[in-house]
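Below you'll find a set of structures to go through.
Look at the two complexes coming up: chain A is in both, with chain B in one and chain C in the other.
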Partner chain A sequence: MLYRRAGIRHTSYPKERQLWPLPFDRYLVTAVALFLLAAPFLVDRLYLVAYLLPWIIWSMAALGLNLLMGGAGQIHLAYGAVMAIGAYTSVHLVRAGVPFEFALVAAGLMSAAIGMIFGVAALRVKALYLAMSTLAMQYIVDFVISHSPAISGGTQATIQVPPVSFLGIALEGDLPMYYFALAVCVVVTLFMLNVQRTAFGRALAAVREKDYAAEVIGVDTFKYKLLAFWTSSFIGGVVGAVLVVSYLRSVSPDQFHIELSVQIVAMVIVGGLGSVLGSFFGAALILFTPIVLNNLVGALASGLGIAMSADLRAHIPLMLYGAMIVGFLVLEPLGLAKIYDNVRNYFLVWPFRHARR
Partner chain B sequence: MTAPVLPRDLVVSWPTAPDGAPATVMAALARNARETADAVAFREREHGIWRERSWAATLDEVLALAAALETLGLGPGQALTVIGDNRTRLYLAMIAATALRAFPSPVFPDVPPDELTYYSRYGAPRIAVAEDQEQVDKLIDLRARTGRPVTIVYDDPRGLSGYPADVVVSYDSLIARGRARLAAEPGLAVDIVGRSGADDIAVLLHSSGTTGAPKGVPLRHRTVFAGVKNARAGGFLGEREELYAYLPSAWVGDFVFTVGAALLLRFTVNIPERQETVLRDLREVAPTWYLAAPRAWDNMLTRVQVGIEDSTPGKRALFAFFMPRAIEIERRRLAGRAPSLRERLLLAAGETFVFGPVKDFLGLSRIRNAYTGGEAVGEDTFLFFRALGVNLKQIYGQTESSALTAAQTDRDVKLHTVGRPLPGVEVRIDDNSEIVIKSGSVIDEYFDDAEATAKALADGWLHTGDAGYFEPDGQLVVLGRVSEVVNTAGGERYIPNYIENRIKFSAYVRNVAVVGDRRPELTAIVCIDEEAVGHWAEDRGISFTSYADLSQKTEVYDLVASVLRHVNTMLPPPLRLRRFVNLHKDFDPDDGEITRTRKLRRNVIEERYAPLIEALYAGVRTIDQDARITYESGETGSIRRTLSIRDVE
Partner chain C sequence: MRLDRRTFMAGTAAAGLVGFGKPALAQEKVVKIGMPMDFTRVYTFVTAEYSQGHRDYLTLVNERGGVNGHKIVADITDHANDIPRAIEAYERMKREGAVLIDPLSTPVARALVPRALEDKINMITTLSGRSDAADGTAFPYVMPASPNYWTQAGILIDYFRQQDKDLKGKKIVFVHIDTPFGREPLPILQALAAKLGFTLQTFPYTPPGNDQAAIWPQVRRARPDWVVFWGAGVGQTTALSEAVRNGLPMDRLSSSVWLSESDMEVVGKDAVKGVIKFEACAGGRDPKVIQAILKDVVGKGKGAGPEGKVGTSYYNIGVMMAAIVAEGVRKAFEKAPNGPITGPWLNDGLHAIANFTADGMLPGITVTKEDHQGGGKGRVARWDGGKFVPQTDWFTANQDLVWAEIRKYSAEFKKTGK
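What follows is the complex of A and B.
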């Protein structure tokens, strides 16, 4: 009903491979892009800083991890640690007087370098074993950071981020911060959308499906697994830097513990492995559902006058939250992106049931 | 550094008709290449990608082709056999031939090898242009029997590398040869464009040959253009339409529209990837002007209905809500009652939820004018597409009148008429109710056939052989062939084709022959539609193995009987169908039972199925019947089966 496809014909192969061949998809993407651009002027400051900004940053993190998990099929339970490396690298460099532009890239490179070292484990071990070795990375990085005063500034220390500017624009106040995060997010998103269409993306897919089969058809799995860890960690480092500079404004080790890693893994899985759109959906669900449920349960409790102990009042939203995640995955194991895809297909083949020849 | 001078840059003038329009096909191409050089002339799908040719590039290619064909010996008054599916290169070869004052003679690609002899009788074709190996093989076979064609040009080189190089020549090498010749002879391009004149033959077609061997029908440049201009004057064609070229190029309409009208009115011609992908590619093309036989519209309707039956309950309910209402509104609109405001709102909502998406799915969303012709169209089909918002109208024409005799305008659409004569066409009804035509778009004579010319083209009027009459409002009604008027033993006059068409309006019947000449009552030989009946059977859990098996199921007999009973209600009692038999194979042009344009060959059927016809009147319940099958290789086989005979009532 919404999608019109008659008269769409491609006169060259590049045109056939464009990202959004259908007009309706293009309208939708344009509408979302316009909304995000105009958001500071449309929505309340609270929503901008407390909802949109973290959503953009966490979505980026999910995108970076999705390259590794959805793209190359390698599980990674230490993405929080990867972000921590980027965060600390950028903050220390900025404090040392290095321009933020360079610090941002250096954060990515540092994360990529260290992430790749742990990625070597992936060449030897798979699945649960890889999960264990990345989990080890999480704890080793946590330990090193909090026990090296040179990095963390002491066990309980918090390092403030000095004022920075990016490409001549001072990142002060909500607006520049928001637009900075949005700009980085656009770059990461475009990269992720396009990587699936490149030889690199296809090689990763081959490795994901069966690494020795990929080897048989001539894909150098050694190289591509390392590259996957490298690229994913680079994005993680950059996101870590963006996180501390434009959102947290200070850095301390407890921000990057295992909870963050698990949160991002959950975003990727709930959103949909390998899906760009799913990363955004997953981030939104994991970040906002607890808040929404909390408010909802609170409103219901007081509205209906149900006497509820503080304990119960705090736990019911968490139980519902867990039930929802399980529910979504039972409904569609391939994640929210797949649910969206199902809805889209429903309209795409309207008024028929499936695409007909 | 200056750009090299291309042959097309030299062509600045072309022969014109008295009204200033180009006089020949080549002249029209030269004009388009000059005036709208970069507009897309041909768009052909190749491995999923639409390859485009501008008018300028088209002219260059045609000039090179003409220059090279001349070196092969193609000259004035000679035919050029063209055989294959719709391909840009075959169309260009046709234009190139006319430029040399030779004429293309397109042949249906599915003609079996022995029938090729008929289609290469006229104009001594020394050269043939073939699409691929399949056609080259047929032509080599023909060459071994008749010595012609001497040279065979092929488009698709696959599988042709081992063929004798002195006989088969690739299109690509021909183009290279032509370009070299054009470069060496600077005056040649201008010369080629100026050679042909309006009185030259533009194409040699063959009449469908319902009776006997096909006759040669030569259309001249002025004949074709007169037809196009008549249609343009009547508003039936616009400038720069998006045209979909998928009908066989040996059929008159394809030359008139895809070459004649496309060049004169600067259409963009869209060519599908293969015959099998015609319907799917239609969606990518979304033409603005579309012509299809009633059968094709029926098939599209079936496709939609089958899809809706499979659909989810919500979507099905929406379709079931809007479609019958829209059809009812359209039925009343055709009867002269304008829709009320409420009905218009309903149609607007329907457009969003049902009609728009269905049109989009079929590729009909950009149609300005859609036509059906050749046979009567079923009421269900006609109303369905009109209700969808497709401006479907009826058109009438014959090979001898460049396919354009009469057509309906937006104001007078009716189910049973074919509209008024086009501007510039005079139509009269003869004493024996035959339709006769006089127009600039009618041929002067048949090719090398004075006898046929004298019979059909006496006194400047074309005797169509169709029986018909005028409605009081001036619209023409076509009943059928004059020669097909048949009497029963009781003296009742009827045209079997008329009844057959009404039976075929059912999606379940693909072909049918009504028998009753000098018989006491009418009976029918029915060929079910495998797809529609197959789907119907699946829905009801009726298992079957093959067409033959399906056709003999009791339930299928019940189904066909109900179709015939419905038709009987519209017929006068003496002409009602009494008995029928389901044939265990479909009529097929390869077996000679129908022509390639799907018209029944009654004499063949009466001869081949004589025992069956006797049985229909003998009161027996079953009969063993053979049916001959011709395979695509040309070999024949036969299948034998016991068929049941059933009373309709």
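What follows is the complex of A and C.
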């Protein structure tokens, strides 16, 4: 019905190869894009700065990690550290007087360079062993940052982000920051959507499925594994810079600890490995479920007048949250993106239950 | 009912819709304050006790008719020490009209500083957050209103000096968690070592500090005259039990303010007899305020938590901060009885707090436009196996060094911040 395919005939290759060949998909994307563009004028400020903005930023991070985990099949438990490198690089450069446009790219390059060094480990080790070596990266980066006063900013270990401007627009106030993050997110999303259709993306997929088989068919795994780490870390560095400039506004080491890395890995897995849409779903679920459940339990407790200790009130949402993550993974191991896909497939052939694909 | 994919999805979606919008409470004559805190991740039982004391004091004030006919209403929620959650809570509370926020978490306070300064919302950073926020000229809306870690270290060292008459040639060992928080007192300790002529030896342990077995034999071998251990949560109890295991003299062992009766119970009340800690407010149930809470709040079944926790160190710190906030509200009403109740309105009130002791529970807190530390007074208390017994009167020490450090960082903040 909605995603009607009947009667749509592509008469040229570019038409069939476009990102969204079905009109309904295109309308949906346009509608979401328009909503995001108009959001500052449609939704309350609270939802803009406390929901949409972090969602956009964390989704970008999930996208960057998804390239590596879903695209190239390399696990990475130090994405928070990658973002930290980008964040600190950009903030220090801006403080030194470098324009933010350059600092943003430099943040990506710095993260990419350091991320690739640790990516070398991926050439020798796989799976759990790779997880351990990336975990080492997390701790090494944490240690270096918090033990170098020149980086972390002395005993207070907090550096304020000075006022910056991007392409002549001062990033001050909610609107410019939101649109800046949204613009970067659009670039990253378009890159991710397209990368799967390039030779690079297909080479990564080959490496993901079996690296020596990829080697047999002529894919240089050495090169592509490093490139995967390079690209993913570059995105991570840029996201780190966006995060501190438009959301946190100050940078300190404890914002980038292992918790952040695990959070982003969870977003990728719950959302769906290798799925662009899934990264957005995963980010939303992992970021907002604790908040929404907390508000829900709070509203229920005060609305129904249930006497509950603050401790219990704080822990019930966590139990529900845990149960929900398990529920989603048990009922749909392929992630939230797959749930959307199921719905879409259902409507693709509705009112019939099955059709030849 | 069988839990299948469809019911699960429908259930979670429904929960999401309900949880998204929270009904606004009816408008009364209230002063709203926001207390997003970490009940579940790092500070856990510290938060629970602090929050209990805080709420009990507010109940006491409100039961007595509030301040100027206004009730002080605290919105309490969990931020799990997670920055996005804390920012969501902050923005939500701001929208609902909160004029003061108390996050009780150093990372969260650091992240909220730029927002609080921009939005002109008072932020309480009790014994946490940035130490340089003591400089009110750089942080007009950030109120530690309690002695910062530099002051605590300065007071402990001064107590050692009082005990030993002279610290020249003595050896002081500083065992600390290897995080910015743990390293914070180092500049003051180093400056004092140079000034007073003692040797300072430092032993960092890796966070969270549940394994310090490698450190404490070295501490014993160093044969220190005094030991200062600096951590939080599990690091504190581990430090204490390792110190006991290594046979260090307990009466030469000291801690920052983050040591409580609960920690002592974990290690063994009698094994740690003699341990010293810094106190920012009177502990126990003796202060008049605590007696009033026991009689009028807990006694009438309106207590916010288990009665056994009333009068513990963290409970009393919660009472202390609620009392300071209530006093700020009182002063604000004195200055501008008709409000409007806003951040700047309360800010004026908080700045007018002068020599406030909460019926003898506090050392006499005076907040000025320059000094947000409240005077930096505290005292030293010793564990006698059952409670902490004060060893000194309220005093302050080495404030020249502390303020040099405060100004160094606040100047840096002024330069780069907005």
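Points worth noting:
Methods note: the second predicted complex is superposed on the first by the 354 of 357 C-alpha atoms of A that agree within 3 Å, B and C clash if a C-alpha of one lies under 4 Å from a C-alpha of the other, contacts with A are read in each partner's own complex, and residues count from 1 in each chain.
The criterion applied here is as follows: a contact is a pair of C-beta atoms (placed from the backbone, for glycine too) under 8 Å apart; a residue touches a chain by one contact, two chains touch by 3 or more.
Just so it is clear, the model here is predicted, and its values are computed rather than measured.
Using the contact criterion defined above for the overlaid structures, shared-chain residue A:148 touches neither chain B nor chain C, since it reaches no partner. Number of chain A residues touched is higher for C, counting chain B against chain C.
By the document's definition of touching, of the two partners only chain B reaches A:9; chain C does not.
Look at A:198: by the touch rule set out above, it reaches neither chain B nor chain C. Contacts of A:351 after superposition on the shared chain: chain B is touched, whereas chain C is not.
In the superposition on chain A, contact is made by A:49 with chain C only, not with chain B.
Against chain A, in their complex, chain B makes its touches with residues 43, 45, 48-52, 279-280, 283-286, 303, 307-308, 310-312, 315-316, 318-319, 352-354, 356-366.
By the touch criterion stated above, chain A contacts chain B in their complex at residues 1, 4-13, 16, 346, 350-354, 356-357.
On chain A, the positions that touch chain C within their shared complex are 44-46, 49-51, 54, 58, 95, 146, 152-160, 162-163, 247-250, 252-255, 259, 287, 290-296, 298-299, 303, 309-311, 313-315, 317-318, 320, 324, 327, 331-332, 339.
Those residues of chain C that touch chain A in the shared complex are 3-5, 8-9, 12, 15-16, 18-20, 22-23, 39-40, 48, 51-52, 55, 76-78, 80, 82-85, 87-89, 91-92, 95, 106-107, 110-111, 113-115, 130-132, 178-180, 183-184, 186-187, 304-305, 405, 409, 412-413, 416-418.
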